[in-house]
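Take a look at the structures listed below.
One chain, chain A, links the two complexes that follow: it is found with chain B in the first and with chain C in the second.
Up next, the complex of A and B:
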């Protein structure tokens, strides 16, 4: 009888203990994930100004329809697509090449890996500030160009160059990070595979084509997907360098979202943008999960 | 043959050194330019090295304040993540409770949600509870990072249970087991959590941008972003000094914890 009772209390104590340990996450999840998700979902069907909450009213799918007719948003969307498909393949290629180079050296690997990795831990705002200087009319890029006899440009002010300039900067800042991932994948390839290929008299190119490439294919897919997900959210560099200009040529989805919410105070409309972004990223995340599954 | 190989490998190292130097040129130039006062070349082409730009940004640009704010946020968020994420990760790894696997699935799902979806409601919430424009607003939402919970759960799951059970038979409380048995064994995971959290928190931009209004409460990235658009927007020496100050702590951290950071990044790739 007594044993039964103490068993019950210890069970109760145990579940209290569990709840206590889980509490920080449960609170964070409810307050900073679930509630905001539901609230912004509701907002996306409403007109809402955060500083005038009393004017909130239901507007149905109007915010979502507006996305398609809003020229500035459509332009921002197209720019983002251009950014995603312009940077991701280049970053993947360059970081893979760099990883292949580093994979070959016998001494100083750690040093070079750290050297190339360094820019990816630097704040994107710092990177943008440096490149703002680099791209300025009296900056280093023009000095370099004039050395080769090419005319000077205001890189961030001319509509033709602003977006490619931001993309080039982003490529520079991202390569090291993905190189580290590729290097980890390359180091994980069993040496025996190469040794037996040597015995069979395979050349370097053949070894790359038939051993290296198939072995790192999962990592390539992984890098492409996570890089794509990141690129859809491009914002701080646009905010720091151009604020979407010139003539909206560097506007992006998140920059439109920011402006709509915090400059024009249209919280409902901005929530519709946020949910569209959410849907796109969820799609790529599910793709990533599928890829991870097939890897196992 | 061997000599030829050695020559090739030295050539490779020289090539990589030049490549690395070129690649790092923007960062090296940032540091170099931050020590030049005024416009280079105006003084008969000579370079004037001075700390003028640092004096300007620290005392005139508010970078001292931004640095202190950044350090405070970094310390609190890192500490909170060690304690809370370890607790939660431990519970997920060791306790039996209803819906455990479902809830852990929820942890993983939150990793896929873009934070931009949450920013308007979180700002709205912070305004309502009066925390808007305070450092707490950019600390509280990030005290239990889902990725850290995931990392601790996986790590603790791979540890043997014997020591915990032995402590339990000795009558140790669960909290004591967590702090005295699990935490010391989890040191490698803690290191990865700390460096990951430190880098992300130090460089965080979006939430500090929308949740903080007053200049005195800005963190370094927001302070720098605003500085590039303020009256000093073409004072390159000052901008580079501000950039150098913003990067220095994280670069030092990187130089000390290279191995953990690279390991953490490889593990952290999962979080995106």
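Up next, the complex of A and C:
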């Protein structure tokens, strides 16, 4: 009886201790994550100018309705969709191809892997600054193009090219990261599968189609979903390279959100943008879970 | 008291390294108390340093710290803490700090931001304290609101016309006669412009925010145009602006449309005949391109007998936020740091802007290079953009209107839309001021460029479009799922 009781208190003590050890994380989570999360959700239903906190009013769904009649936001939304569907398939495909190539290399694997992975560990701000000069009128890209007799362009200033230029940079910068993920998945495929396929007289294409692809399917899924989520949130590239210009052709949801919140100080309205984006990304995440569930 | 508490809350950390049974008991016994102490410790930092004056600015501490040291030596007992902001998010930081009542005591503000802070009543009235400075410093407009002075000008900057002498000679132009009128400017740009060889007539700013209007507005001002009149009415849609815009359209043909840093770089490499730029190039060009032959000139005026030369005037204002712990001493510090002798080192090294103190211009530094004289002369006619609570929105409206024209938009429609956009934001501002919440008929500025009023009429269509896009996204994802399912089935 007594032993049971002391066991209970020690359990209580233990949980208290655990709580103490976890306190730093829990506190930061509560203060810097949960509180802003809830507060911004409430804000998204309010009219709130940070300069006039006293005029904060509940305005229902007005902020959300306003999103749809805000030309700039709609333009930013369309640009983001273009960005997501322009980059995600290309990144997935190219990084898979690179991983397949690297997987067959015996010498210098480490070198190539690091070379391709390097861009993804450089800060995107640094990458953007490099690309700003790479894309400039007499930058390397135009010199290269003129070598092949193609007329030069101001890539980031012409409305037609600004967004594709940013997308190309994003593809270059993130390909290595996903390649490493694919490489890991490829390395995990048991060699026996290929050996028995060889015995059965399967060709390279068949081996890829019936062994490699099904085996790395979870990874493909993971890469597609993670990449989609990241693409929806595209911001630093736009912020450093174009600030949404020219004529708003590179404006994205998060950049619009930033401008609304920190340039025009409309916190309520920008919170509504944030929650719309949240809903979109939540949809994609749910889809991912569903997909992974069917896996099992 | 505070010290003991701080010690106590550190205790668990100390003991956790080698846990003894006693500490275990201690940890468990007063756990809630400990949590409270940890919380207190987390929020403790603002409590310390009560009597320190906090100074936020955008400069390398090596310029600021020596001045603070000298000031502290002269005024024993006063402590000033220097904190450096960066231009990327400095304004956000100041705004958020102000909203949370944590604004610094002393703060440097960009001269186009002050309108907002002054009109919101965020700053301390310094009219009495700085009365004796009024003749000594320049650029008081951005520090003045409703006849009262809320700040002290620290640094001022303007832009002039840079031109490449070598390219002038090669094109048969005289480097001794830089363009004086709009027609001259177009003529020079046309003669130099040779994109086949990678040589461009003049640099036109594009592809980034916040810059274009600074380069374009001088032509409006020089032509007698304005953004707001005395009563605060938006008068940008005027004949003067239209003339300036159509001149800009003609000029643009012989120009390189790029961002400021790329234009500066092209000029440095001798690829650009002319550009409107600032004194920061003086710090770079002699080091990076010693052979570059260039000179500066006043910004051209509309015609021989028409208008005058004008440029953009901007700079740094030092202000005291309400809640400043020691306004008298802080004001003394403002007077101290804006003195020519302390502002000059910043100019000499960074060359971004000049001291607001007029005495500084008698320094031999400015007479050593005749090109500085042009800057000082240009400053006499340079105009500071309107000091207005909605300047940030206005700036974006103007920038958008000019950018539209730059990309082939119609001048009249662009200006009409700018007026509409201004009416919207000013109505919204008035509504807020009167305590009314945002109403659907007013939407925030800088949008609705097509000129149609967007309300409930068009929103169902937009909702439909957006819903279609979202559905499409979902549909695509489902397709993806199906394809994978199919692959799996085949494999199985």
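Methods note: the second predicted complex is superposed on the first by the 276 of 296 C-alpha atoms of A that agree within 3 Å, B and C clash if a C-alpha of one lies under 4 Å from a C-alpha of the other, contacts with A are read in each partner's own complex, and residues count from 1 in each chain.
The working rule: a residue touches a chain if its C-beta (ideal position, glycine included) is under 8 Å from a C-beta of that chain, and two chains touch if they have at least 3 such contacts.
Keep in mind that this is a model prediction, so the values were computed, not measured.
With both complexes brought onto chain A, simultaneous placement of chain B and chain C is prevented by a clash.
By the document's definition of touching, of the two partners only chain C reaches A:68; chain B does not. Of the two partner chains, neither chain B nor chain C is touched by A:144. Once the two complexes are laid over each other on the shared chain, residue contacts for A:106 go to chain B alone; chain C is not touched.
Touch criterion met: A:246 reaches chain C, while chain B stays clear of it. Once the two complexes are laid over each other on the shared chain, residue contacts for A:36 go to chain B alone; chain C is not touched. Once the two complexes are overlaid on the shared chain, A:93 sits clear of chain B and of chain C alike. In the superposed model, A:50 lies in contact with both chain B and chain C. In the superposed model, A:270 makes contact with chain B only, not with chain C. When the shared chain is aligned, no partner comes close enough to touch A:11: not chain B, not chain C. After superposition on chain A, the stretch of chain C whose C-alpha atoms clash with chain B is 80-88, while the remaining options among 80-88, 278-286 or 404-412 stay clear. On chain A, the patch touched by chain B and the patch touched by chain C overlap at residues 17, 50, 132-133, 136, 262. Touching chain C in their complex are the following residues of chain A: 13, 16-17, 19-20, 23, 27, 47, 49-53, 55, 57-59, 62, 65-66, 68-72, 74, 77-78, 81, 84-85, 132-133, 136-138, 154, 156-157, 159, 162, 210, 213-214, 217, 220-221, 224, 242-247, 260, 262-266, 268-269, 280, 283-284, 287, 290-291, 294. Touching chain A in their complex are the following residues of chain C: 12, 24, 27-28, 31, 34-35, 38-39, 42, 89, 91-92, 95-96, 98-99, 116, 120, 198, 206-210, 256-259, 261-262, 265-266, 269, 271, 392-393, 396, 403-404, 407, 432-433, 435, 437-438, 440, 443-450, 454-455, 458-459, 462-463, 465-466, 469-470, 473-474, 476-477, 480-481, 484-485, 487-488, 491. On chain B, the positions that touch chain A within their shared complex are 9, 12-13, 16, 20, 23-24, 26-27, 29-30, 33, 84-85, 87-88, 90-91, 95, 97, 103, 106-107, 110-114, 116-125, 127, 140-141, 143-144, 149, 174, 178, 199, 202-203, 205-206, 209-210, 220-222, 224-225, 228-229, 234, 236, 239-240, 242-243, 246-247, 250-251, 254, 258, 261-262, 265-266, 269, 272.
Of all residues in chain A, only 14-15, 17-18, 21-22, 24-25, 28-29, 31-33, 35-37, 39-40, 43, 50, 101-102, 104-108, 110, 112-134, 136, 140, 172, 175, 177, 180-181, 184, 222, 226, 229-230, 232-233, 235-236, 239-240, 254, 257-258, 261-262, 267, 270-271, 274-275, 277-278, 281-282, 285-286 touch chain B in the complex they form.
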